[in-house]
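See the structures that follow.
In what follows, chain A forms one complex with chain B and a second complex with chain C.
What follows is the complex of A and B.
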């Protein structure tokens, strides 16, 4: 028998678990458009968690962060990526190197490693339970797996963006009181990444007329 | 002061409720599914008429089968009616036989029922029945880890794995309901139930498309009263699993806390109502998803496995 977390901690953990499940959903999803939608959903959940923390723990700066990440990650980034996708007329992601069930099992192992590695650190936070921190590390690691097993530029970009979601979840746990300017700097980092990945997708699709990265292994003389 | 039922009567009412209500639940789901597809659908009582018709027919057995083939439907039915003695169907307090087995024990009894039917199907020599038996055992082995992890998370939450204990824990406070382990384990169990009751996205429940058949194909060689028992049995299994989900995990409210006639009757009505809500959810899922290809079922099961493993992980971290 273990001590039961209170209602606030329990709900916060459920929201953090939802972020992880959305990450796994992106790993499983083969249709690129739906992958982008899942990313938008995940960002929405992270923004909601920021708002919940702002309300429950009385950290009003987080409202601004929640609003900013809502505008940027739920609206702008998915819009930009779907716009890029519209020009490419490719809907299905290139086959992953592993099957769906296998990659889920691999990610469970990787996420478990992240869970217990961070759980063993014993970091405690004023605003959110430690479990949320472990979950955020699991999100980051599963995003790595997503980027490794997928062979198309869009999935890899989405993997990178969702990795940022994991990091902002972690920052909610360990640094909710961090000055707002730092958090906003993170968000603008993401904006830079979006531009870079956008250019990458464009150039790659222009050269090889596919989104698959397997064309990159060919040697050029 | 209301009249108290004798405890053995309440005990007997648990399997009786399941036995009587199960075909009706299937009937409502079939009706609702048809309405969602824009059809009028069969009458809600149609499963009862089907059973009555089958019981009035003669039964034929394929050449070369022995008594096992005929005993299997009866044994399976007995198994499905044993489980309601172990789980809180009507009462919050454990009845005398309620502690005979835990969740794992109930799972074993359910698998035993499905095993005897599979063995009977294997005896027939009919290719479809054998195919169904082989498939159902193969996929049952895949879903087993999910069930085990759900049991683990129950054991970590309550310190025991008695269904009555978990139901009481869930009732005890709001923080028990919102804890992620509970929600994740319930979600995983729901996915397992979709598999076990042969619903979309695993299997089409109605129709005779043998490519996707798993559980439904096993009864092809049975006829007459034996087929009726098999059909009734699978309806009972469905309601037993719904009851497990509702009264242990999702909504263990509305159960009788004493043996008074009024509260037991109310508990029966609530159970049927809650099972209908779950059935409605299942009907919506049936109508809004496509059936998975047979070899994609592992993908579906991996999602359920993910939920149950994350449930255990969060519990070990102390945040579940």
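What follows is the complex of A and C.
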């Protein structure tokens, strides 16, 4: 019989569920600015979890990670992306390859697959409950769905950013003692993605005045 | 020897620092740094062929050394070529800013690719590969054309998502290791390999598959290769040469390290099977795509995917002979592909188009570069007497000896198919007569673009005809390291 989860495990699971819900929110949100806000919210939740683990499991380095990800993912990245969006007239994402309902259904299936598949692996951690790991893999998979089905560059970027949140969540669960520098390096990758995103917006949007990826088809074959 | 290793890793960083200086200083610094890093790498070979160098957070064994040699050779030749390549743009209005950015990115990119095989531990390795992505994505976008931006966007998204998966692999392996070695260990190779037999199976298995998929994105393994042809075609040619000649191999090095740990923990069968599947898929798709390419740089990019497929298959054969072939293939492919991109860049600059149909009669226009390009393509297609002939011969012999007859036959057929695709495209460009009335002046562009190609051809011939004795010792030792552990 499994032991009853304590307050710490319970709150960690609740936080992980919130992250997954925010991911679904991004998937169905058509207004780009709100999508960015949802991402900031999701990042806030992940940063909070890092702080909770730091306090509850006595891993002081995680405070640094929590602070850094708070500054970068909750404040800087969303601000920059919103600012870039303001320069364009685009507000609503173009229709995706799938309708909203279909893509949510697909994501539910994918998330369920990730959740149960990881649960079946029997990976146990002393730091956080396994349910949170399963949820984080579900977040990663739904982020992939988001990047695949949406047809605008903003959603693709947000999909990748939230993928990073999923991976952060997973690393908090199974490897809280993992060298901090890995997480920091990945945060750095976010920044570069934002820079390339900015260049893309300026070059691409300046010419076609559209954020849709349907114009990004020059390179194929 | 510690000093030599440190110097090898610091020289490109110094060159990067000097890149912000005026163009004249920056280009001298880059050429000197490239040449110096190759010389330093060669100096390390005899030591590493004897024993592994361990020093702080650095660890260089024979496997790392092979990749260090390959990267530093490409860096040295391409640094010279880059000067010739940039000469054309010297009179553009914003050239100063452009060249500063270019050399800064170029040297940091080379530095990160030299660090990756030299650091100890999977965590640091992941970080080094992450830095290569970050820098090279910016380098791909440097021309700021529509195509370059699109390619860079695809590259950054796909490769970063891949590295996200690779980070998951690192996390799971950390978890597996922590359950044996305690929370405070840092994923360094020696303790991990020593404890491999006691690692929990499921976590290692999961981690290996995630690592092949994640780092495989950067290697260019099918089906996660889609960024590769775009980035290689749209980047400035010196960057394409570095991407193809050095970056793909460096990423393959990461896969190889996970392969080492996974074989030690799980036995050879499972990791070999995973690599075989990815390798065959890459080789098959790339050879088919090679038959219908219209863009010269995309053609070479698909050839890179083909060769990464060959590497994966060679490692999956597992026989010592095939592994020796794989190690030699890393070196020979670096020399050949860097060279091929340089040759292609010369043709593109001379004819002003990347389309194969727009390049005709190369032999008449470029009396050295065009025949040299043809030779390099023949070398890439494994014709004797060049290095790739020897390495693929070893791989095929190893496959037959290891008992993988069907796969070896498939390998030979697909490599021949790829040869057909490459040969048709290239002979059209080089040999077929130029249409009457086309006015492209006869003559080489400049000496900077000729010398590195000649050096590369010599290196390829040396690797094919008679590899130096110390190199063979090094490769033997690398093979011993790859096959030593395992249950």
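In this text, the second predicted complex is superposed on the first by the 212 of 221 C-alpha atoms of A that agree within 3 Å, B and C clash if a C-alpha of one lies under 4 Å from a C-alpha of the other, contacts with A are read in each partner's own complex, and residues count from 1 in each chain.
Note that in this section a residue touches a chain if its C-beta (ideal position, glycine included) is under 8 Å from a C-beta of that chain, and two chains touch if they have at least 3 such contacts.
Model, not experiment: these values are computed from the prediction.
When both complexes are superposed on chain A, chain B and chain C fit side by side without a clash. With chain A used for the fit, chain A forms the apex of an angle whose arms reach the C-alpha centres of chain B and chain C; rounded to a multiple of 10, it measures 150°.
Once the two complexes are overlaid on the shared chain, A:11 sits against chain B while remaining clear of chain C. By the touch criterion defined above, A:140 lies against chain C but remains apart from chain B after alignment on the C-alpha atoms of chain A.
Shared-chain residue A:101: touches chain B; no touch with chain C.
In the superposition on chain A, A:82 contacts neither chain B nor chain C. When the two complexes are overlaid on their common chain A, residue A:174 makes contact with chain C while staying clear of chain B.
When the two complexes are overlaid on their common chain A, residue A:153 makes contact with chain C while staying clear of chain B. Contacts of A:132 after superposition: chain B is touched, whereas chain C is not reached. In the superposed pair of complexes, A:28 makes contact with chain B only, with no contact to chain C.
Put simply, chain B and chain C get as close as 17 Å, counting only Cα atoms, in the superposed view.
Touching of chain A by both chain B and chain C, each in its own complex, is seen for no residue at all. Those residues of chain C that touch chain A in the complex are listed here as 123, 126-127, 130-131, 133-134, 137-138, 141, 144-147, 149-154, 156-157, 160-161, 163-164, 167-168, 170-172, 174-175, 178, 183-184, 186-187, 202-203, 206, 229-230, 233-234, 289, 292-294, 298.
Against chain C, the residues of chain A that register as touching in their complex are 121-123, 125, 140, 144, 147, 153, 156-157, 160, 163-164, 167, 170-171, 174-175, 177-179, 181-182, 185-186, 188-189, 192-193, 195-197, 199-200, 203-204, 207, 216, 218-219, 221.
Chain B contributes residues 156, 158-159, 173-176, 178-180, 183-184, 296, 298-299, 301-303, 305-307, 309-310, 313-320 to its touches with chain A in the complex. Residue ranges on chain A touching chain B, taken from their complex, read 1-7, 9-11, 13-14, 16-17, 20-21, 24, 28, 99-101, 104-105, 108, 111-112, 115-116, 119, 129-132, 134-135.
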